[in-house]
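First chain written, first letter: the chains are A, B and C, and each begins at residue 1.
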Amino acid sequence: MLEQQLVNALSLGSVYALFALGFTLIFGVLGVVNLSHGAVFMVGAYAALQVINHFGVPLWAGLLFAFLLCGLLGLAIDFLVLKPLRARNAPHLIPMIATIGVGIAINSAMQGLFGAENLRFPAGTVSEESLTLGGLHLTALELGIVLLSFVLMGALMLALKRTQLGRAMRAIAESPKAAYLLGINVEGLFYLTSFAAAGLGGLAGVLIGLYSNALFPLMGQPMLHKGIAVIILGGLGDVRGAMLGGLFLGLAEVLSIAYVGSDMRDAVAFGFLFLVLLLRPKGLFGSLQERKV
Amino acid sequence: MEAFDNFWAVYSNLVLTLGTNALLALSIYLTLSCGMLAMANAAFMGIGAYAAALLTMNYDAPFALALAGGMAAPALAAFAIGQPTLRLSGVYLAMATLAFGEVVRIAILNTESVTGGALGLNGIPPSTQWWQVALALALVLFGLWRLNRSRIGRAFEAIKEDDTAAGLMGIDVAGHKLLAFVLGAMIAGLAGALNAHLTFFIGPNEYGFDRGVEILTMAILGGINGLLGPVLGAVTLTLLPELLRSLNDFRLVVNGLILVLIVLFLPQGVWDPVRLRQWFKRQGGRA
Amino acid sequence: MSHLLELSGVERHFGGLKVLQGVNLAIPQGGVFGLIGPNGAGKTTVFNLITGLQQPDGGSIRFDGRDLSGLKPHQITRLGLARTFQNIRIFKGMSLLENVMVGQHSHLRYGALGLLLASAGFRAQEQRARERARELLSWVGLDQQADEVADKLSYGEQRKLELARALATEPRLLLLDEPVAGMNSAEKVEIMAVIRSIAARGFTVFMIEHDMKFVMGLCEQIAVLNFGQIIALGNPDEIRSNPQVIEAYLGRDDDEAGPAPSQGERA
């Protein structure tokens, strides 16, 4: 029934939102479409899996490890690849192309290291319990995903709105040069953003890995495509839009699986993306601010 | 002659793939030379491949007709989506075309009765011969060369530099962008049609994101400063996996790294006449 | 008598801001017409509206009697209007000759067949375009460097190139947006002579400028724009002594320095 579908959509949508959030942060603050975000997402899932399998740690430790490892990976990518391109003042598309290369390298390296077959988290990683509330069924996993995602997103929104750090990041999103002239440590915030965004991506990877119970080297690719759809739906660079867009996409996908058939599931994201780009490039929710370089 | 026959028996596919890859690199070069990063050429290649294969398999069409169909179908698709999509620029255009590529792939997957869905099309007649690939490449190179030496080539370059100023020079910017897009689609479709009749089998996954990235890498690697660049990039990227056979899965890692390194250190690509000229000057000075 | 370019009651808003209100201008054929006004008065917007980069929110713009509303920039250029930019927009990667030849784009009429086969018609037209480009470069004194890349030119030379390129579209009306901004006195004198010679050849020139001496020395008719409205119209003497104009510039003299040091002299 519809309400149950909505509940399913909530958990799927919040992971999409979490992924899109990292993606959008990088675009908003660094001005780069980071197409290696999907690979980072996948690394998070694998990292948590490895550490849980080999050291038997609880899930929360796996999540933490994934966050930190991916954060460092994102930082490395920024330092090694994006920073030199910043110094050169390369036009927007160049860093994007570079991140495509990074993504391919990481995806293929992981395939070489771990093989192409599906892996799964060991049984018992997440409790099998579920909650029944007024006729609606929610597994512990779904509940956990929704809670974690909303807490993280809420914290991020709060940080952006209320803290000095958040204000600085918003200033950079508007105009890096102006922010620099105001004495903001722009370069430092670039590093921080890369770290945080990649960390969030890694977390999203673990959550999807648990949700779909399948890890494979290319799992980040469909996510990447959906992430692109989401941030354009929500308005490029708009954090709130990314979250709403993710939830919206989750809903659209779940409903389409239920009422149209699962084959067209991936087409939903692209169908919307295409329509939005043609009819309202600014996105359904966002208003595109032209970035003053 | 026997040595050649042996060589050909082993490597004919590789050489012909070199040709089709060169066509693909040239197809994206065309849109790049107009200032557009359009990542739909893999999808156009797929449309051309399927159109041509279906013509030869289901309708016993002569090869030339199949090739024509393989060029016309993507051209029509490009014309249809071009008008609204090309209004977008930069990042938006890249993403819209990537999305289009995915839509095509999903459409192919979901029209099993016609396209064979996920299983693809098998048993395509092996009609492609070396002279056809060579002829196609020669004609495309000639056509692009003539284009570059005309007002259309100058218009493309002007649009790439500054499309507002180009418009104020009397250039119909939207029309020229559409032209580049449609021509690029035709060339990609031709490559797809030729390739399909070389590999006997085509499937939807061959024309997705990975292929799109490969095409882009060939052009970026070789450089888009002239016609030779994309061809050089295609040759390098086609031969590289052969040379790196032993690396297996890590082959693609090299692909990815090449893209990053080129972007970082050789932004104009390998074939960069300006840099080469400077390099030669320095060499000459020492002698 | 109808003028070459007519703006009637042109309005342009931007959000709540009225950038232009009720602007009326009539530019006759032949001669040099100037538009001056303090910074932010809306001058460049007038040019943007005329060339179709933006659409007016009210009023109409007619060129040679023809309404320009809804036309795209390239269509307006083909009617005979050409423009240069305040912040120079030459094609840096192309040679000077190629830059100017781009301006000839709409005057080349060969089709796909001609270009592919290098037909006689194609070759003749290309040759003609090349010769015309060289000629125009010589008008601005740049013909010696025709084959050099535009990137290598000095600031003043780039402005001259833009002029030559605009002329290549064979316009009847030439819109010059601050043609001497950022130039030293010697360069300004040179450009003044070039523009005079262009006007003498029959082109109508309409320019925006801040340098008063330049404008007074060159223009037969001057319009003054302040806060989006035309406050004065007349010949240089009339404008010089118009109290409203003087007030608009906050009491500055109509001397060499121009309205304000920050605008008259740019590094």
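To be clear about the criterion, contacts are C-beta pairs under 8 Å (C-beta built on N, C-alpha and C of every residue); 3 or more make two chains touch, one makes a residue touch a chain.
Worth saying up front: this structure is predicted, and the values here are computed from it rather than measured.
Taken pairwise by the contact criterion, the protein chains link up end to end in a single open path, with no chain closing the loop.
Innermost chain of the displayed assembly, by C-alpha centre distance to the whole-protein C-alpha centre, is B. In this assembly, the C-alpha centroid of chain B lies 41 Å from the C-alpha centroid of chain C. The centroid of the Cα atoms in chain A and the matching centroid in chain C are 49 Å apart. Between the Cα centres of chain A and chain B there is a gap of 31 Å. Touching chain B in their complex are the following residues of chain C: 51, 53, 72-74, 77-78, 82-83, 85, 89-94, 98, 101-106, 108, 110, 115-116, 118, 122, 126, 129, 165, 168-169.
If you check the complex, the residues on chain B that touch chain A are 37, 84-85, 88, 90-92, 94-96, 98-100, 102-103, 106-107, 109-110, 209, 213, 216-217, 220, 248-253, 255-260, 263-264, 267.
By the touch criterion given at the top, residues 142-143, 146-147, 149-152, 154-155, 157-158, 161-162, 164-173 of chain B touch chain C in their complex.
Of all the residues in chain A, the ones that touch chain B in their complex are 33, 81, 84-85, 88, 90, 92-94, 96-98, 100-109, 111-112, 221, 225, 228-229, 232, 236, 263-264, 266-267, 270-271, 273-274, 277-278, 281.
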